[in-house]
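Okay, got some structures for you below.
Shared between the two complexes below is chain A, which has chain B as its partner in the first and chain C in the second.
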Partner chain A sequence: MIRRREGLLDGALIVLVILIVWQGLYAYAGAVALTPPWQTVRYAIGLFGTPSFWGHLRGTLAAFGWSLLISAVLGIALGLWLGAFRFAGDVAEPMLTSLYTIPKVTLYPVILLLFGLGPSAKIAFGVIHGMIPVVLFTLGAVKTIRPVLLRTARAMRLSPMQTARHVLVPAVLPEIASGLRVGFSLCLLGVLIGEMFASQRGIGFLIINGINSHNVRLTTAVTLIVILFAVGANSALLMLDRRLHHSR
Partner chain B sequence: MTDATAAHAVLHGVTRVYPGANPVHALGPIDLSITRGSFFSVVGPSGCGKSTLLDVLAGLSPPSAGRITFEGQPVNGTVPDGVGVVFQEDSSFPWLTVRDNVAFGLRRIGTDPAEIARRVDHAIGFMGLTDFAAAYPAQLSGGMRQRVCIARTLVLRPRLILLDEPFGALDQQTRLLMGDELLRLWRETDATVLLITHALDEAAMLSDRVGVMSARPGRFIDLLDTGWPRDRDSRIVSDPGFGAITARLWSSLRTESMKAIGARA
Partner chain C sequence: MKRTIVTRPAMSRARRVVWTRWGITLLLVLLLEAACRLGFVPKLAVLPPSEVIAAMVALLSTQEVLTNVAETFSTVAIAFTASVLTGFVLGVALHGAPRLRRAIDPLLASYYAVPIFVFYPLLVALLGLGALPLMAIGYLAAVPAMLIATLLGLDRVPPVLRRVARMHRLGRVSTAVLVILPAALPNLFQGIKLSLAYAFIGVIAGEFILSSGGLGYAIAFAYDSFDNRTMYGLMLFVLLSAVISNGLLSSWESRLQRRRGLQ
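== the complex of A and B ==
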């Protein structure tokens, strides 16, 4: 109970600091760069009343949902597979790690040529951002699973499929949840960047459009919405993550 | 009873060599016949290949040479039906409750749910875990987690139970009590038990027969029949015969244990 209250207090303090810095920046840079907090919140709420905003939001959420789903399914499958074959895992891990560090935005022209302008390019861009951490976390978890659990599976004459489903997956689930949390943020990043560069729809497009047409109110309000969504979702996933790790 | 049915598990000239740049000859040659329904213990210096013996007998790893049979059927690298294994390390599944841990094996083989409930209740009760059925392993002590693992093996009704130093990580008092429970379990199930242990008193108190292994590569240098009645418990440690058995085990083992220490120093 006390920990919970402290957590709330910490959160409130962070929000307060952000508001002060925000207001300070506004005082320094003026209405040319950003709008003040209260005005932004009001404008953001107003945005939800316009049908065109909903169209953009739906576009982004659909692309983000698909890219997260693909990242999760492919990432977990690939991580389990690479983890099960030690050699393949040892070869793939450093490659994936270096791939992870590449500034992926440089690959965007290639993605556009492959998938064309449209939702599939955004989804693909989200996937190349979000999938690798899911693979790496899953692979790491499989490699560090306690061998005695797998021996137990063999002693109980479980088939490879049963071992994967009933021993391997539950044993690595907490780590996979951590991987998904990181993958979640990066998928969102990938989709938004994709929308900023080559798209006619979506939240990323709205932000870049606002910048191009010097609509500071729009840019600041949409940025606020994205931040609130990301922070909220991340906190929820973090709670799930902690709960899964806690039962160990 | 004929000889063929009396011998439950048989090892003929079994060796195990771990291949590699410097191959390690871990075990054998071993010739051994374990009588159906008996309690057989294996003692030996550390690193002598006791666990390797259990692994090849269970079918968890194939022998490099020789032949193993269980109930007349060859064992070669896969665990036969009717064999249950309890490991030294805690192998309870941390994501399942005690009850789900114990039911795990039965669910995988598709046993009828009512039958699962009945057998799991019995095993949990038998191992004194009824009050902890809904708890997760992380909430239990080491001894209780090991009981969960034993119960999980027990519900599958194995005819040969292999235990690899299951009480190795427990304190002395808990070990004595767990020994009693093991004896109770052995009597109730009529199973054949093979217990790997490094504790001479444990072997002397629990077994019908004790095999003493040499330093690596492990071979049997002594086989000793204790002559205990089937109905026994940890109180036999005060029996004069107990001291004599322990003394003989130690005199067989002493030189080998010194070799094991010398080889590692």
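== the complex of A and C ==
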């Protein structure tokens, strides 16, 4: 209980420090760089009352949703497959790791040339960012599954389907949740970057548009919305993640 | 009951894995080449790999590209070095302050959930155009990776090692250098590798979005002016640099671990 109250106090302090730094930055750099906290919050709330903002938001959320769905399905399937065949997994893992570390922004022109301008390019861009961590986490989970679990399943003469349903999936679920959490963030990153380069719609477009037209109020407010969404979703997923890891 | 003992040496499997990996890579490149040559993918969109390689080699002998390369690489190098140093120092400091660490933990956990590029306009407004905001974004992208890795590495030092150090009456400095640092090394290496990757990604992406120089900008410029040869040549160079630098760090890492008998 004391630990909990301490945590709340610390959380409040952190938020306070962030607000002070923000206000300080405003005092230092002025209105050409960013707007102060209170004004930004008010403007951001105001944005939600305008229909055009909802259009941009819907565009981004739709592209994000699709890319997350594709990353999750393909990523988990590929991860399970590579994990089940140890040789394939050993061959593929370093390749996937180096794919993870390359600056994928540079591939954007190729994606555009292949998919054309529009939502499919954004979705593809989200997928190439978000899918790899899902594969890597799933692969790692299947590879390090405790052999005794599989032996037990065999001893109890479970069918392959039953083994998957009662042993494999519960054993790798926590890791898959971690992978999906990282994939979630990276899909969002990919879609936003995609919109920043070549799109006429979406949150990323609003940001780049705000930069180009020196609309600091808009840029700061949209940035705040993106951060709150990303941090909020991540915290929720992190809680789920921890619960899954502990329930084991 | 007859038992067959597998006598195949361990190296052979590792070698087979490596060869398969190279084989698959080569096969993919050849497939792409064939698909381009046979017209399965539009020639306007994708160049065959052989032409991309030729374009890269030709580009790397021009002064203009070399200037861009030097600019980007020096920016990445500064951001990377600074982030590894700060991340390490902050990690050590935070490890010694549990309360502060608990308070900052949620921030660290959601740091990489925020697409860091949204801060780019702010950095430009604060630091002006040029290499400085790029350095800053590469640095900001890389610091937490090193910080988190340092914390993890220090957490995982087995308590028995610290006790042994005390038994031998080692001082603070020699405990740190002889006992704790080597024990935390695998995690530190992970942090260094991630920092390099993130610094590189941050700088290139920054150049891509808003900049007037460097490799990222050159690629974006080539794309805008429909100069596919330059675009693909530079792209290959950037991807190869990332993969090779990461590979070098990895092989250094496994050599160190082998020397310590960990692998």
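What we mean here is this: the second predicted complex is superposed on the first by the 245 of 248 C-alpha atoms of A that agree within 3 Å, B and C clash if a C-alpha of one lies under 4 Å from a C-alpha of the other, contacts with A are read in each partner's own complex, and residues count from 1 in each chain.
As a convention for this text, a contact is a pair of C-beta atoms (placed from the backbone, for glycine too) under 8 Å apart; a residue touches a chain by one contact, two chains touch by 3 or more.
The structure presented is a predicted model; accordingly, all values stated were derived computationally and were not measured.
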{"item": "Contacts of A:Ser235 with chain B and chain C, given as first, second, both or neither", "value": "second"}
{"item": "Contacts of A:Leu158 with chain B and chain C, given as first, second, both or neither", "value": "first"}
{"item": "Contacts of A:Arg146 with chain B and chain C, given as first, second, both or neither", "value": "first"}
{"item": "Superposition-derived comparison: chain B or chain C, residues of chain A touched", "value": "C"}
{"item": "Which superposed partner A:Val91 touches (first chain B, second chain C, both, neither)", "value": "second"}
{"item": "Partner chain(s) touched by A:Met196 [first = chain B, second = chain C, both, neither]", "value": "second"}
{"item": "Which superposed partner A:Pro109 touches (first chain B, second chain C, both, neither)", "value": "second"}
{"item": "Residues of chain A that touch chain B when the two form their complex", "value": "146, 148-149, 151-152, 154-158, 162, 166-167, 170-171, 173, 247-248"}
{"item": "Chain C residues within the chain A interface of the complex", "value": "16-17, 20-21, 24-25, 41-42, 44-46, 99, 102-104, 106-107, 109-110, 112-115, 117-119, 121-122, 125-126, 193-194, 196-197, 200-201, 204-205, 208-210, 216, 219-220, 223, 231, 234-235, 238-239, 242-243, 246-247, 250"}
{"item": "Chain A contact footprint on chain B (complex, rising order)", "value": "58, 60, 78-79, 81, 83-85, 87, 89-91, 93-96, 104-105, 108, 136, 138, 156"}
{"item": "Complex interface listing, chain A residues touching chain C", "value": "6-7, 10-11, 13-14, 25, 28-29, 32-34, 87, 90-91, 94-95, 97-98, 100-110, 112-114, 182, 184-185, 188-189, 192-193, 196-197, 207-208, 210-211, 216, 219-220, 222-223, 226-227, 230-231, 233-235, 238"}
